[in-house]
Amino acid sequence: MNLRHRGARSRALPMLAAALFGLAAGAAHASDNKIALIPGGPHPYFAPWEQAGKDAAKDFGIAAVDFKVPAEWKLNLQTELVESLVSQGYTAFGIFPGDAVGINQTVEELTANNIPAAALAGCAQDPTKMSFCLGTDVFNSAYLGTQALIKSLGGKGKIVHLAGLLVDPNTKLRMDAVEKAVKETNGAVTIVQHITDTDAQEAADQKINALLGAQKDEIDGLISTAYIPSVVAAKSLRNLGDKRIKLVGIDDDQIVLDGIKDGFVAGTMAQNPYGQGYVGAYVLDLIASGTCTVKADAPWIKTPQTEHFIDSGTLLISNDNAATYKDDLKKITAEIQSTFKDKYLTCK
Amino acid sequence: MTLSVPSDSRARPSFLAEQSNLIGLAAIILLFWVLFTSLAPGFVSTFNLFALSRSLAVDVVIGFSTMVVLATGGMNLAIGSIGVCAVMASGYLMQTLGLPIPVAMALALLLGAFLGWLNGFVIVRSGVNSFIITLASASLFLGGMLILSKAQTFNALPPEIAAFGRMRWGFLSPLLFVALGLGAALIVLFRFTALGREILAAGANARAAELSGVPVGRAIIIAHTLSGALAASAGLMLVFRLGAAMPSIGQDWLLPSFLAPVLGGTLLAGGYVSVVGTILGAFLVTTIRSGLLVMQIGNFWLQLFLGLILLAAVMLDRYRSVYAERRSLGRRDSGRRNSGRRA
Amino acid sequence: MSTLTRNMSFGQRFLANEWSALAVAIVIGLVALAALSPAFLTEFNLYVMLRSFCVVLIVAFAQMLTLAVGQMNLSVGALGGLVAIAVGGMMEKWGFPVPVAILSGLAIGAAGGLINGLLTVRTGINGFIITLATASAFTGINLGITESIPFYNLPAGFVAFGTGRFYALPYLLLPPVLIAIALAFFLARTVPGRQLLAVGGNPQAAELSGIPRDRVIVMAHTLSGLLAAAAAILAVAQLGSAQPTIGVDWLLMSFAAPIIGGAALTGGHISVAATALAVVLIVIIQNGMVLAKVDPYWVQFLLGALILAAVGLNRLRAVRAGGA
Amino acid sequence: MRLTIEGIGKDFPGVTALDDVSFEILPGETHALMGENGAGKSTLIKIITGLYRPDRGRLLVDGKPVDFTSPRDAIAAGISAVHQERNLIPRFTVGENIMIERPPTRNGVIDFDRVHAEARKFLDLIDPTIDTRTEVRHLSVAQMQIVEIAKALSLEAQVLLLDEPTASITGHEADALFAVVRRLRDEGKAIVFVSHKLEEVMAISDRVTVLRDGKIAAAGEPISAMNRGKIVSAMIGREERVAEMGTRSADRSQTVMEATNLATSFGHKNVSFQLHKGEILGLYGLVGAGRTELARALIGDGKVVSGELRLHGKPVTIPDVPTAIRRHRLGYISEDRKAEGLILTHPIRSNVAITVWRRIASSLGLITRATERKMVHPLVDKLEVKTPSIEQAVGKLSGGNQQKVSIAKWLAAGVEILIIDEPTVGIDIKTKTAIHELIGEITREGLSVLLISSDMPEMITLADRILVMRDFAIAGTIENSLRYEPMSREIMALIHAGSAEASPMPQTGPAPEAARV
């Protein structure tokens, strides 16, 4: 049940973008690689990966790019799925780590069998044999989100952090990020408390409403770093009719977007799942074919989790760009894909 | 229905009859293996067999951990929490304190045993249902672990740990042999020791056992201690498997821990366990899961097929045993009587 | 013996109630939290607590009914999830009117419970295993249909019901209260209700007394499924969207509340009032921990400690009342 | 209603339980059904009440064949029964238990006032002191039995089967029951009466059918044509043998257990007695007098709060049962074999060896089945436990054989003092004799026995001296003269001394020879 956060429903991200870049880059080198894109478990965030995989297969002439979902959010189900796909002849894996640390042993085994793997959407914790991590920088996203919240509060106030599963290592990172952003205000902003384990609907509903019930007059802002509490908090503020408390959430759930439109939510941190799947498949194909290798001295971003990070694009959706952010993400995807080879790979 | 047979004709019930349940289970597993092997060649690839053996090893030990408590007619909902406490302790001891691996492992096992003992002690002393006590202690232990570890992962363990997890003996993981070794020890315990017998007697009829001089309280405490140690073992096996000590281990153990022993014939009511049955029960579930994955059934629908096949398997086993019973009776209505009772 | 209950003082009679310790614990909790934080007794906080009480209570009842006949239903959550997305789907995709969707959802829940019951009785396989398997199947159907994507566009009136309130009383509280009353009445005063308890109390005796045991077990499972469905529909209203994840964390709580309320795992002994009080206690504990700004790392620990304390208090009561 | 049993047969694995059983139960008669345990009585009753279906033959009601598939069918046909097993719902009230088959309802809602009123009517026939609003779990065993009977009466069935209805009730209550039986008979109902107590059967039956090894040994013989000896020889297939107790010359010089002014956590006060080596000390009293509780306190399953307990002359305090067994060689056989005595699902081997596992384990703590068998076989042989194998689950044995296993267990443990609580409840005549002989034999080998029994003939047959207990205190001690008449008079006098409702003599059995059953 790990990492049930982030997520969005940008299914709509059209093939258009794919077709655009596909014509340029793909079709030339048909490959017989079978690539699997594996999320941590069933979650709406990953839905765009299916289309992204299909598009990538078509655009880049890959034999197969399949979206394979573990039956539940359990690390062992994810690793079993990976293992069985190896038995079925898959040659590369794009994985959202069901656990940032726990996945590494499996990746190590994959690379020992000359099967490359990349972390998509979320990173594995270094040291890891993942070729690279293309995703949302967990720390940075939480940091930027908190900064956005602080800005909307006018630089002062009391905030509460709503976080995901406590036993997930990423949760600790997010807590640190929030605290870092708060510390930079030199005491103008204070954290009242971190509320964790809010990734299940009912738990989130209960805890967040309890928080609002008890302290709605004392707190000024909410930063949510997980998918479900973002949705629940947006909804609760709307019920309460409270526009005073500012909320910055994560992901573009319809409820959150509506909240932004109606002024109950200050903003939300968008992620780019389609781009992660699409670019991830493209690069994995190059690596698995032996055409390219990962460059050691590329301009990687260093994060607390890994030294081989590529930002798939994080941007704040607010009232200003709620209508256009999808196009922004498309641009980012195109940009990453077209420059990836030169920036990060050494190719024959 | 007294069987008026003189006592000197003391034919033991045949080995086959006694083991018929296990044989039935084994036959069903065999059936699935034939099926999966013929439908999906990847199923018997060495890579898949290795992966299967490794998952099986952990599931078997988790099953044992619940089984020893089921023997007393109780439950242990805290095995996941005990497991993760042992895991984090081992991580701390190896990574932070730098203790040698065997020492750290031994201490972690000891911690698991101690937490199990604590469960047993409170259950016996308070006389409160083990379900409630272990429900509460599951929270307590997990909470204690979180307070102490701040949910930090230990991922700089000695490299030997991960190496052992990747090691292959033939095409099997050595972890499976560890699990089977534990199983052998449990068979000895329940068949050949006074303690094991006492645990079973306490589970079958605590009052009668007590009046026969069995220290029932002690038997229950020891069963829980053992359960704690086994939960810790399962946790440590995952440390080898994952090469890291993580606070999220153990959270999803509860259902598999019951599934394996109950499928294998261990009674929830207590008083009877089947070690081999638990191994076969875990084996059946692992086989089905792995087979479905290899056959590429489902994705999102996988759970449905898993449920249906599990249902089919238990029903097949049920009808096999009813059929066997009828043949030996030459009678029809025995099935009716047995129906329904008790989860 | 027969006059035992007659000659007791009020205090003794109170102690003899299964739920008295829970009631005491709840009062202590309320007083402590009210003293600790002025926000606790505000109208909105009371509303929040009552609202989070609703779904959990019905889930606890769903499990309680199978416990009553000495069975278990491990599929409460899975069935709930299935009903939740079915109701959501019917409203969003097919545009069913709300009452039709709700009735269909309840029917699906009852059908799922009926399947559990029939399989248990007809095959003679332990209900534990049957419901474990069907739980997996229900979840599979849920995920297969939704591919884990929730249904959002629910009728406004339905969603409004989930959030509306009359002062501190959420509208959402109405169904659980009605269900609790109906259930208490059903178990205490109707023939099928008594038969259900009789089968749990002594199955052989019930059968010899002409009670159709198998039919009663099937009935218990069916009602359990029905209640799981009711809880799921309520959860959908409460959350404002039909999430496939509804129900995933129901299982433990579904057992905890009836058992803390004194239900025996072996059947025959359950209490609607005590189960309800156990849910109240759990809700207060959880609310209190947010209110008291408990360090997240301590939340789990305190939850366990408080449950243990409540149980200990009840144990003490039982010993005092001589009912140990 | 005429119930015809025609050529009924029923098989179980490896055994034919009933074979070609035919007889008729007529309206307006009390029909005794006799037979030893295992003769097929219970199977027959289960067929008549719809729990089993016969493999051969058929049942006819008023000449028309019927096919019962469940107890509901039998009840609908007008047949009700008091079974040997306890068939009450513990957490339901007495009233509701009695009316459980057809609770009076109003608009579909159970009318509890009428439930209790109706139940009261039937309960009053036997025991007006039981409150219908008490939960059954608070009742004593005897009271539960009475509720069972009232429940069967409440159906107002045409055929009423009573399977050992007097097993655990007092003579007083039994008398009330017999009065009801006679009245029902006079109203034209048929009563089938199953009992091991010959005296009862002789006293209230009109006709008697005897089963032996699943076959009819006597079918519907008028009781006037039978006598005790004829019934017994029909049952066991030979002449009755009286327990041969041999000469009991207990040497009273050696006191193994001595209680002085004991008070216990159960409420006993001033309990004093002495038990000598090789002696059988009887402990008689009505149900509820505190006999079982005294046994419990003695073995450490309750607390002695004051007074002194000496074993072999040394003062002891026994904190728990294991200490009683291991250190003081003191054992207890419970009256409730199923709930407290044996582990029914486990084999004979485990049930006997349970007391000695620790002793027979090797230095590594290991026991093999072979070691256990070596220990268990001689005892099973010596006690003549009838079983195909010592791996047989104890639950599948007859009551008598179960009791033998209980005794074997304590012989294995090597106890010196054994407290035996109601050793022959629900055990048939032949086995009862064997159990009595067995108890005699073990005391001759030096064991001392504290015998608790409500069965007066049994007490007078076995005991050397009899302690009479009343209200958790010893009312007196009587030296056994072995003469039934004066002994029973003396005992009852002690029991009822000072009690307001001094009842007449117990109706357990006036026949003088009963003392040696």
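Note that the chains take the letters A, B, C and D in the order they are written out, and that residue 1 is the start of every chain.
FYI, a contact is a pair of C-beta atoms (placed from the backbone, for glycine too) under 8 Å apart; a residue touches a chain by one contact, two chains touch by 3 or more.
Please read all numbers here as calculations on a predicted model, not as lab measurements.
Novice: Which chain is most remote from chain B in terms of Cα centres?
Specialist: D
Novice: A-C versus B-D: which has more C-beta pairs touching?
Specialist: Output for the comparison: B-D.
Novice: What whole-Å value do you get for the distance between chain B and chain D if each is reduced to the mean of its CA atoms?
Specialist: 42
Novice: Centroid from C-alpha atoms only, then distance chain A to chain B, rounded to Å. What do you get?
Specialist: Inter-chain centre distance comes to 36 Å.
Novice: What whole-Å value do you get for the distance between chain A and chain D if each is reduced to the mean of its CA atoms?
Specialist: About 73 Å separates the centre of chain A from that of chain D.
Novice: Give the residues of chain A that touch two or more other chains, as numbers and ranges in rising order.
Specialist: Touching at least two other chains: 1, 42, 69, 71-72, 166.
Novice: What are the residue numbers in chain D that touch two or more other chains?
Specialist: Not one residue in chain D touches at least two other chains.
Novice: Counting only residues that touch at least two other chains, what does the list for chain C look like?
Specialist: 139-140, 143, 147-148, 296-297, 299-300
Novice: Touching pairs of chains, all of them, please.
Specialist: According to the stated criterion, the contacting chain pairs are A-B, A-C, B-C, B-D, C-D.
Novice: Using the touch definition up top, name the residues of chain A that touch chain B in the complex.
Specialist: 1-2, 42, 67-69, 71-72, 74-76, 79-81, 83-89, 99-102, 104-105, 108-109, 112-113, 125, 127, 165-169, 171-172
Novice: Can you check the complex and tell me which residues of chain A touch chain C?
Specialist: The touching residues are 1, 4, 9, 11, 42-44, 47, 69, 71-72, 163, 166, 192-197, 200-203, 205-207, 209-217, 231-232, 235, 239-240, 254-255.
Novice: With touch defined as at the start, can you tell me which chain D residues reach chain B in the complex?
Specialist: Contact set of chain D toward chain B: 11-15, 17, 37-38, 43, 52-53, 55, 213, 299, 301, 320-322, 324-326, 331-332, 334, 339-346, 350, 353-355, 357-358, 361, 365-369, 377, 380-381, 384-392, 396-398, 401, 409, 413.
Novice: Quick check on the complex: what are the chain D residues that touch chain C?
Specialist: It comes out as residues 49, 51, 70-72, 75, 81, 83, 85-92, 96, 100-101, 103, 105, 108-110, 112, 129-131, 133-134, 138-140, 143, 151.
Novice: In their shared complex, at which residues does chain B touch chain A?
Specialist: Against chain A, chain B makes touches at 40, 42-43, 45, 47-48, 51, 55, 58, 84, 146, 150-153, 155, 162, 165-166, 241-244, 246-248, 251-252, 289-290, 293-294, 296, 298-300, 302-303, 306.
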